[in-house]
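Shared chain: chain A. Partners: chain B in the first complex, chain C in the second.
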Partner chain A sequence: MNEPLHIFDRPNSYIGRSVPRPDARRLLEGRGKFVDDLQLPRMLHAAFLRSAHSHARIDGFDLDAARAMPGVVAIYTGKDFADHVTPYVGTLTHLAGLRSAPQMPMAMDVARWQGEPIAMVVAQSRAEAEDAVAMIDADLHPLDAACDTESALDADTPVIHEAFGSNLAWERLVEAGDVDAVFSRNDVTVIKRTFRFGRHTGVTLEPRASVVEYDPSENRLTYWYSGQAPHMMQAILAKHLDLPEENVRVVAHDVGGSFGIKIHTYGDDIATAVAAKLLKRPVKFVADRHESFVSDIHARDHVVTGRIAVTADGTIEALDFDDLTGIGPYSMYPRTSAIECNQVLNLTGAPYKLRNYRARGRVVFQNKNLMCQYRAVGHPIAMAVADGLVDEAAAAIGVDPAEIRRRNLVPDDTYPCVSASGMKFDDLSHEKTLDRLISEMRYDDLRADQATCREKGVYRGIGLVSMVEVANPSPMFYGIGGAPISAQDGATVRLDAGGALHVSSSITEQGQGTNTILAQIAAEVFGVDMDRVKVTTGDTDNVPYGGGTWASRGAGIGGEAMLLASKALKDQVLDVAGILLQSESESLDIRSGSVVDADSGAERISLRDLARTVYYRGNELPSDVKPELIATRHYRVTDFPFVFTNSAMAAHVEVDVESGFVRVLHFWAVEDCGRVINPQLVDEQIRGGVVQGIGGALYEECVYSEDGQLLNATMADYLVPMAGEMPDISVFHVETPTKTSVLGAKGAGEAGTGGAPAAVMNAVNDALRPLGASIFQMPMSPERILKALGKV
Partner chain B sequence: MKAPDFVYVRPGSIAEALALLADTDADATPLAGGQSLMPMMNFRVAAPGKLVDLNGLAELRGLRVENGMVRIGAMTRYAELLASDDIRENIPLFGLALPHVAHAAIRNRGTIGGSVALADPAAEIPALLLVLEAEIHMQGLAGTRAIAAEDFFLGLYETALQEGEIVTEIVVPARKTTEQFGFYEFARRHGDYAMAGVALKVGGPDHCRIGFFGVADRAIRATRAEVAYRDGGVPAAMAALDDLPFDGDLNAAAKTKRHLAGIALKRAFEGIS
Partner chain C sequence: MTQTQTISLTINGEAVTATVPVRSNLVDFLRNDLGLTGSHVGCEHGVCGACTLEVDGAMIRGCLMLAVQADGATVTTVEGLADSPRGQALRDAFHRRNALQCGYCTPGMLASALEYVEAGRPADRAAIREHISGNYCRCTGYQAVVDAICDLIGQGAKA
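Now for the complex of A and B:
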């Protein structure tokens, strides 16, 4: 790092180093504490009957046989909860016009997707609960379903919520410049394509899980969950179960992956809480893999028709597109299912100098599982549409794909600037990242190899993408619209009597290494060895108030709060040390667990001795000295709605044109997430993200029948990308710290997922181009590629 | 995804196993490697009342070469087949094909008898046995019998196995020096069941056996393609697949299967050894 000296450029420095995760050993030894590991006295287990139809009227239940099954303690249907939980609606005021119907944890009169919970059995064991579920006789009357996105708004399609009169949930138009004037010019080449993005889902290693305990003596509910946003869940449970917010405690210990799946309100989780409250006994619900597929939110589901106008020299003059996205029968609560489309409207073409821009989005209801925010919300669509059109235009006018990007990217020296869609950008490096990418991947050599291979009938392709990633959101993302979602985070740092630090933070650990970077920041900024920092996250009773994990915000927001708190505690400790040592506190520093003379580094007093003096022998201090060996600071982004990250990525693929199979030979990502706190963790985020992006591009799809049955709800049939098919992924960094914080960290969690699909699609089309074939539908399955080639 | 309640028994002899399996009221079912049966039970697609575990039956394990025949116990696992010198020498086709069966962990448990009894249309083993002219040996309370692989696989998960019978042994003629073998399969990810696959035995320019898997309701011999090969070589064989009863699935429509079957066949011939 060649950045100017920061307060953390100090002797015992951790920031910028690949420090191993302190919790890795514990997890590897199987000592993780996941929700399913929790065993409470008198605990019961829940299983759900889910609608077998995508749309059905619920005429009633015969529960007698199920009630007679061994181990059954209670059976509830949707209506049994009517007086115990209030309905929720997934709308936000800043998404003007968005509408959704009230939702209950279990459907009451009509089930609206296959997999929606309609009845719940609580029993002594999960196996017994499942046995009883199998004995429930549900009288369901199938209704005509509206499953297809593209016909959702047709006049003869059934309307899912009658009161709305149509299946339209939301629409928005973004317009800048004069798009029509550009497209009517005769000096521009116009390319028009239709892109289709299938549904896929997050497939977390640990499924969603809840254990809920209700103590009537204190009217207190404790909710252990595998999730991302404890304080949000606290507010939601309190509101809908009619409990004082302070009487709800939400705890998230180890979490086996989230990817955005675990940040929403799911009926089965809420039902578990209601049952625990009614039964006054702990209830556990752990989704099994089948339930995960039919109830964890799905992602994407877009059809985008777009056109681009370029001049002969490759200048992009205008971009115009229409995005239609299907979200299932409800907008998800509380973040809404309109954000995905909104991101597409905001971000498409954002890396490029673009003045004439028109983006129309429509969000429609369907009788399928809910669609909502998953890693890289909207980004894969925005990047694939823009960079797909850019590559098609480049080919049409005979300009190299790298060259057309160079001519159109927003130059690195023009920040801050505002995009055509109104996004404020600062501290981005599109030119630097692209240049680095082209040199690291040996672009020219690959082009030469491509030509040689073609002569031998081997079809290789190179695909590029330049992208922005939303990170570090301000309250403008959710809070402004009325959601109980905090955009600020807090950190507390406390010196204990042994000279160690106990730190806590409102951001959460999902396996991405949050607790590690918090310890790195605290250790370095305060001045102790990392093994003397104990981190607590994921417990609303014990951490400051804040947002948790989403939108690549942990390091940038929670990390900055930790930096500020650690710095504050350091100043407080040095004040005490100055008094004890009768020195100017400015002449002192803290390094590796001791107060030292700042100039010579000589130890003056260990933190342990200092703390013991304060805690045990306060009599040695002047009576007017009242040391505070604890500090708390909060941080939120104020100057910008979002702090954006950028990157340039490339895929190298080989298409077997006889079979339609695609092999990704190599992938490169040059990422600028500002200050890199832990290179290994960032690289893991990028690689994992790229793999999920390749998953969406080539493998993963929730395949539905025409009448809304999910056909591949197993790990055998739903194709998650596996190591054997994955390429080597080379990751490089350009570091342009954000000026919005001292730490300078942006976010890196979603870039790979957002960019990889575009790069892979462009590479496949680059390979197919000499054959006159192209494909704009994901996943690009062998069969779809064979169809594109006209072979089947 | 918890299996319904069942009784578990682990007999010590074939006779004892057969007696236990005669309990049709409990839908007694043999358990081999469990790699297909256990998931089916957890999905509640299968709900046997009694599991008769064959893993304790030494009689069903191991393999030996005898009079030009390789005799493989039904409970022999894929990993054992892959590690065996006898197999390498005498059934080279197994060496080409078995690395494509699932993943290492599953090959450590899954058995050849389990694959034969299950008769998954996309499984490799049944097609290999068709091509190799293998015989399936079975035993029931009524006695033992043997059937040519060709007459054993009857349809989707349907075989000639009678209720209460178990597969005991697979008997495969050892390779003749004049024979060559080929294998090719298309799978979306390594270890997945094939979208389309083919196994070949080539006895000479005028004689081959071709067995497809993953394209129809069962493993099938392509007899017309075998004849076409004799008359017109590989291109003729590729063109003679239209009469096969191709079935589509999630990954490929019947038409795509037809296309991929031809490409797989070509590549299998290109790779024969």
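Now for the complex of A and C:
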């Protein structure tokens, strides 16, 4: 008898293949459906007046001139919404001690960052709304501001929320082993450095956008948005606008970049929904680029002072650091702004055997735009601090950076294990990924080239990072703390009368290829050609309940749900086929759209005939047979808080020591995201992520004045990586499937962004080392490099 | 001051006459008045390249040109390209290489790539990178875009 086919070794084999995205054609032909493309009958347009001050008391408004402007339908100030929306607070119970103040869509009495919405005009066109905004006379009384992270807790710094008595939002201490004892030993080398990570932001090319329609006849609100978590937004809108949850529909069609930016609750979006409800007409709000810079969440803003103790043979004995994070005047709702710091405390040094560990985190309020989760939350900080200290220690004791990692990485054969910070790890491959990296990048040749170049006055550097990445989070991430955020996802698979599959899923598509991998999984597991699978995502009326796509969870969680649902439907269809064909269903299989004899592969009945029999000619079935040609399954991660992935990455850079410019010559990533569903899509996630990481390391910074004015809030002034500066990026894989699921996929969306900054920083410092210079501040701008070199 | 002006132009092969606010830029006119939503708006000050489209044979920024300046012009948008064989091989190459993720930059990126390929320029990665450096893409990291353009030129195919 033939061996049964393995679930991943079937005729309709798509898992593991680089299948082009079927829905990319649409985008190439200008047929995308982005929120701003939507035009509804009687639709109005919103524009906002935003606080020009980082901290100001709102004494009142003169709206007469604005009201007289052409096209104006309504003007609202913060207080006008007091009876129409309930305040929200960005705290979660599992982040013990985290505090934040209630927020309203627009500031009521005090504006607390430059860019906070304070008034709203709704008009016939966006241009007319903007014209009227310019005519609003707002009486704002500037207040002393607390803008600087490092002085936020000083006694003479203004307290942003008086009731709290200080600007401290949250603090946490993680301790393992005896750190002080190690640092007092005389057989260890101690390296101490201070790392600074500037604020940057997502700069999604499509700005945040929403169109909201309210139908009073059914008390029904429809919210088209450019976002990642439709069901979360449904719960939030229902709760704060006093609507039954089932009366709120959230739709996300094409999303023009998200990266974590579009997963939060923004006042202007909520205000748009309130206005639509009050006016009973559709209202559109699309942020312009300036609004994006001053109101999209910012990321990072950490100062970390850390020290590491290593023995003469390079064994890491202890790691100790203090992280201070500035989050703006509120903790963002509903995910909170303490998660990034929490990730830093959990993940720093996690790739290494480390018993003595102390991590202190403090999160502080400041009068700047809010800081919250953006791609690779906390990872760039955690990896740069740990691997920066590792490289400095290696240099101090004269050990090669690759070698010190080999001596300290958690061995591949010791899983499962628990890190010093309490993280449960399984199925990781730090040693294999590092070995592959060193081989693929021709490390020894690069070192030889480096020596040759230095003789010519050319300063090249090689930087490594070994990292872990949080993926596939369980309910321990948000749900446990009270957030309306699902950690489980659902998939429905339906056999239609034509013999095709219609599948739907609660994970969402933002360009990473969600819809494609869902189709790949369904086609392969069920047994049809992929072009017979139609996918629906991003609509709370039409998909199972679930979390969406973020935290590198789509493939691992949503993909597993699709696998389970497809397998369930297959079993159901084979049961019907067994009855129709008077065969044992175990002797049958589904391949290429037909029920076949499992042994011979001979077709017994096409799926089309089977489905038509069930749907049209049920009289041909025994009356006690009640076929279900639809199946739904849900999946969540249960045995681990997170399913971690790992990678090893390297940057090769050249530093122009005269101009301070850094050029990344090449970048390598060896990623272990478990089972790779679509190699091309995974590689492109890694590459795009690496480029965002290089952006954070070298270019991107939200530059604030001392009094809290964002000085570079245009695309011309805020530098993002463009094609001309970027290197080619070589991506390789080690595949260690996670045992937590049948599919075995982890996540890949954030690794590049998490690891690249550390690799680039280490490479720059490797280049500068013969000059006695070093830099631990991102972005590593030419000015900062020249300062490090003592030239300016 | 005159608030509006009537213009006549050819858009994707069709004659169009419209009365537009004189302050309206070309891309807003195309998107909001004509429903040609394929051209995207990213920065509204000529930096990001999302609104790149063709006017009288030149690739321009739709946000930096007023609609009234296009009076009498011949305009081709991504929709017009898609309705013609022009650019088909380039679109195929983008598809094969996954040279797009979210697709928001794509209409502008295609326009710039088409300009490069139609000028008969070489499959030189550095030159291609330089050429598309006026088109911001946050998703791909650009490599796949360079690969797609190189593929097409390497095949000696017309765009």
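The working rule: the second predicted complex is superposed on the first by the 786 of 792 C-alpha atoms of A that agree within 3 Å, B and C clash if a C-alpha of one lies under 4 Å from a C-alpha of the other, contacts with A are read in each partner's own complex, and residues count from 1 in each chain.
The rule we apply is simple: contacts are C-beta pairs under 8 Å (C-beta built on N, C-alpha and C of every residue); 3 or more make two chains touch, one makes a residue touch a chain.
Fair warning: this is a prediction, and the values are worked out from it, not measured in the lab.
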Contacts for A:Val703 in the overlay, against chain B (first) and chain C (second): which applies, first, second, both or neither?
first
Just checking: does A:Arg185 make contact with chain B only, chain C only, both, or neither of them? Give me first, second, both or neither.
neither
Taking the superposition on A as described, I'd like to know which of chain B and chain C A:Ala127 touches: first, second, both or neither.
both
Have a look at where A:Leu27 lands relative to chain B and chain C in the superposition and call it first, second, both or neither.
second
Return first, second, both or neither, reflecting whether A:Gly688 touches chain B, chain C, both chains, or no partner chain.
second
A:Met722 in the overlay: touching chain B, chain C, both, or neither? Say first, second, both or neither.
both
Which of chain B and chain C A:Thr714 touches, first, second, both or neither:
both
Touch check for A:Gln510: first (chain B), second (chain C), both, or neither?
second
If we overlay the two complexes on their shared chain A, which of chain B and chain C does A:Arg289 touch? Say first, second, both or neither.
both
Between chain B and chain C, which one contacts more residues of chain A in the superposed model?
C
Would you tell me the residues on chain A in contact with chain B in one complex that are also in contact with chain C in the other?
127, 288-289, 714, 716, 721-722, 724-725
Which part of chain A faces chain B closely enough to touch in the complex?
126-127, 130-131, 134, 288-290, 658-659, 661, 699, 703, 711-712, 714, 716-717, 719, 721-722, 724-725, 781-783, 786, 791-792
Give every residue of chain A touching chain C within the complex, in rising order.
20-21, 24-32, 34, 36-37, 39, 125, 127, 202-207, 254-259, 288-289, 510-513, 680-681, 684, 687-692, 714-716, 720-726, 728-729
If you look only at chain C, which of its residues touch chain A in the complex?
21, 23-24, 31-32, 35-45, 47-48, 50, 77-79, 81-82, 91, 94-96, 98, 100-107, 110, 125, 128-130, 132-146
Considering only the defined contacts, which chain B positions touch chain A in the complex?
1-5, 39, 43-44, 186, 188-193, 195, 250-253, 255-256, 259-260, 263
